[in-house]
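Each of the next two complexes has chain A plus one other chain: chain B in the first, chain C in the second.
And then the complex of A and B:
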């Protein structure tokens, strides 16, 4: 009997290893992979990203080019490893030929590297906004219609220096590629205008205790530039206020996002009046934006106003659908025609015209905003100014911009 | 009842077949022909990855099952090897990357990992039970944060990308089929070594130390030395897994060795069962399948809940994991088998 039992065990293991690959797409459906952070510290953001993508699909009636859209979801936890693992599953197991995502900066760089090994699959960014996803060593089949973190800062540095009168600013930001890109974008303008940045603090994602960071901020700075996201932003701002800090704030794009502005507590006094910049503004009066907000609110669990993650996933999904429509869902040539169509896509998004540059990175309008109290007491990003058609090199000629070097903790510097 | 005739037949051929066991033979055949039926995805992302995680859990199972020391630092030990491969070999991050050839890097990385493991063990063996778990968790967390915030050696949050498996004998060892067989070969080596090591003098001594350290000390054994040596051996297994892991991912970053990953290894070992070295591999297959496909079953919002519930159910019905579940079903199956025509 010994053999009989062991044979069963072996069989059980063997079966487990060979579970068949299921779900082949029928001819009248087109599979699109959707990769976002449905677990880990950025879960809330990932879910809003999904709402954005589903808004675009909802607008198209769930159909594109005559075929029904089938969404296959993949989840990462904001770490590059998990993003690549999820992307591999969507591409190699589920067989998607179009993949939208990921959400976070370093994930984007990792998925771009993976894209190079899958030339037959078209990768379209979700909301990841690190500069080097498209600027240095790009992948031919990775597209980003949402702009990068440095572009999102357009206008903010000049505004802080000229209009707000801040001459020295300390920065506090998370320690990975997206906040590097944001700080780079802010300082590019701020330093050019004549400002000084004497101290830069980089904190790990998910940091809880900011006392040492707060102690390290020089007393004589005019303002603090904060590029933290979600719970990190809430924790830092609360602790800064409790420690008696009074310097005014300048916000990174996700620091004063709806995910933070809707947080409970005394934060509102600190936040009101904080200038920021990003791809969206809550009080945008443009009819296209208002229509988008209405569509977005039809999604279950939607925020009062779409976060920039919803916006980025929406813009990228929309662009993918436009190109798919143009090629009539024909991906038979390894997606070549689709990618050619995608590179030429230029459309009016809820936030203005969006098109691509030679590196397949978006050129779009950026909104300079200030946190203010709405009529019903909620905090909103009030639109101050629109900076039209910001490109990835922030208007600087490409060779000069490239000479500034890769974004990092130490670059740029103007102490 | 053909199966009952087999042992006699095989005994005639010589007792090596019986010693290895028919179950092992069937398993070996199944694993060897697995590539014939599996897609590339199932070959590497499920097969290869399960074998790598299984080896990591095996190193934990060794310590916990034979030495009574539950360690949460096994992923850290693997991380030491992984980072060593990235730092001393080639990487795409423009930080360090000495470009040593793989046949120096690999033994060096495994040696570093086992030394690190022995050092962790040297600290941890002074404690027992839950305190061992706490101290290894503390070490794992400390190293995770150190790697995340050190830029000179570990390149901070983004870690190292562009780590490639070597190509030699005309084979790209990261291609699905070679990588699967590479993982399988090393996993089998580790498995056999642990299986037979457990019956060696050292293995038996270690188990005696686990059961009654005071008596072993009184007899004249150096209890601490035996335990630290067990950590060293576990470090070799975990280090080999770490090398495969960094080749598998092509990259390593602090997220790879974070607390979540450390607990994942413990879950795999517990789910699989810690009584026999096959347990960790079974656990790894179950966990990898769950983590890969749960999202297709219940959707993106709740899939982690499903994973958690399944794990809870397994541990609830069988504290010894899937292996324990098997031990319980076995008597029933045996009875059925005894019935005529069964």
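And then the complex of A and C:
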């Protein structure tokens, strides 16, 4: 009898541990997983991504479809395996049915592959922007409202060649899928306009010492295109300044982001005047953007202006909330109704209209910018031009775009 | 029979001629190294090695990076090698020193004060660690390992709480800023004018500092009374204690120097590169590899190890960036296979 009772107790405890699935249905809260880099070299970026997601939830008053939102956080360190580990924990232990994340390019591809093994869970991207997360071999249940890294470069290659007059450009970028995508996006336009890229340096993520890389850049290029993020960008820019580098720079989207522009040190000198392009512009004076900045600034520790990570997490969270509201939090039948609603979501974000294509990848406005010094001494991305409604194939017909091949170290090439 | 295996007396008996032979050999090696650095390069060599500027810069950067690695690893090798104390929180000492140096520099406006603060604060923390942690765990390697891993994890989170996750960059003073022109010709312009290599002054200063500290450490260990006590304490502490020396005091001093050097390296390294969470693990790993390759407890070993790792990292970064990381570990594996005690380690 006693053993029997103990067995019952054990069963009860076991149930309590595995209960989230049940509690979820009975409770009037809805669990949403939030996956970002809260550790490692991209910590600052992940923290700002969270601020973006929380801004969207704050705007909704912490409620969606009549239920209270409960955020369960998962942390990765920008490596694909850490992202999958965190996603597994959120899905398999915490029982979330909606997951927002991850942050970085390779993480996105890994989580997309994991999504295929969890058809009952809906994955919505954070800010990861590798092309192949949605373009090649996509997952039915992975959605990305924040566009990809090649889209973010819209307008930059043409601007560098025609307006800035750069004919040859060397590139320095981290060695993984997102910078491949960014370089692809830049070169697609730059090479088409007639530019040449004689030298490409791919450096490991988290590299500290760039002086040898800087020395290996040919002396005769007109400009250097830099696609590095977070601490990597800070290190490169500082050492470039120290080594007396004189060639002007062209920035990848996250290289001239608020996460880098707010860093302390002499890198400011080499950054002012750097052209770039991305999903946001700090000096955008559209009322919707200004309202978003105000909401964002209510988050603890906010930057003077939201980074593109805050923006991407905001847009994706916002889209998730719109769809959840529409289906009244109905996630039954593997979230079928939710996903159908999500695929149709089209809304006015702080940076213009956002909708999805057939691969569940976002179509949105892209901003051509230039780094300038604000009135109070902070560095800002000044808006030069808006490129409206850029799609994933950059306006090229899909079959032709596919024929260009997957992004990689060597593709594209125009030396 | 390799040279290292020969008994000492054999070398000393016919020392003069052998020493002269070695001198000649070293001169030859030096000339072979210097020739490609100073002479202009033919086109084919430029084509193979990207450019002379890239190659020479990679070598120079490797050597100066080695200076930084040596500063961190020399503290590690003192504590780990001589005292057999496994301090896996050594990387945290580096990072904490960097943060303290940054805050003090911001506060006082003087970089040198920041450097001094980094050294002194960490020397103090080193003494505290020796008294509170290591004295209780003497001779118990496994517990030391676990406790210091625990300390490093707690320290990483505390530093994240205080200084946040952003990247800091220590500004070097004006007189260390900028680049110097070295008498190395990297290219010749079409009008015949030579293009000289420029190199950041600060990095050369770091290298010079590392060499001075390395020589001073070696002299202290091998030529002074304190050094003799330290070496005696490592070999037979009971006997040293019986002859009236306060062994705890001696070990506390070593620990203070080791930790202080880590803090000093943090400030110096944070000015050359940058300070961010995760640096602690990076420098712990670098120190471990340097000490394993160079041999535990040997100051010249740490210098050789640092040089190998620094050069491997920079050359790998320029010529095969994707697989460059592997190069460091190839060196470690080869060393472990051929000379498990390290290049300068005692067998």
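The criterion applied here is as follows: the second predicted complex is superposed on the first by the 389 of 415 C-alpha atoms of A that agree within 3 Å, B and C clash if a C-alpha of one lies under 4 Å from a C-alpha of the other, contacts with A are read in each partner's own complex, and residues count from 1 in each chain.
One rule holds for everything that comes next: contacts are C-beta pairs under 8 Å (C-beta built on N, C-alpha and C of every residue); 3 or more make two chains touch, one makes a residue touch a chain.
On a predicted model such as this, the values are computed, not experimentally measured, just so you know.
Within the superposed three-chain model, A:262 lies in touch with chain C and out of touch with chain B [touch as defined at top]. Legend: residue contacts after superposition of the two complexes on their common chain; A:44 is shown touching chain C, with no touch to chain B.
Applying the stated contact rule after C-alpha superposition, one finds that A:403 touches neither chain B nor chain C. Looking at the shared chain after the overlay, A:175 reaches both chain B and chain C. Contact with both chain B and chain C is seen for A:204 once the two complexes are overlaid on the shared chain.
Contacts of A:375 after superposition on the shared chain: neither chain B nor chain C is touched. Residues common to the contacts of chain A with chain B and with chain C across the two structures: 39, 47, 175, 204, 409.
Across the interface of their complex, chain A is touched by residues 50-51, 53-54, 57-58, 61-62, 65, 160, 164-171, 177-179, 187, 198, 200, 202-203, 273-274, 276-278, 282, 313-315, 317-318, 321-322, 324-325 of chain C. Only residues 39-41, 43-44, 47, 175, 201-204, 206-209, 211-216, 218-219, 230-231, 234-235, 238-239, 242-244, 262-267, 301, 409 of chain A touch chain C when the two sit together in their complex. Only residues 3-4, 6-7, 21-24, 26-27, 30-31, 34, 37-42, 45-47, 50, 92, 145, 148-149, 151, 156-159, 161-162, 249-251, 253, 255-256, 258, 260, 281-282, 285-286, 289, 292, 295-296, 299-301, 303-304, 326, 330, 333-334, 337-338 of chain B touch chain A when the two sit together in their complex. Residue ranges on chain A touching chain B, taken from their complex, read 1-11, 13-14, 16-19, 21, 23, 36, 38-39, 47, 50, 72-75, 77, 79-82, 84-85, 88-89, 92-93, 106, 109-110, 113, 175-177, 204-205, 409.
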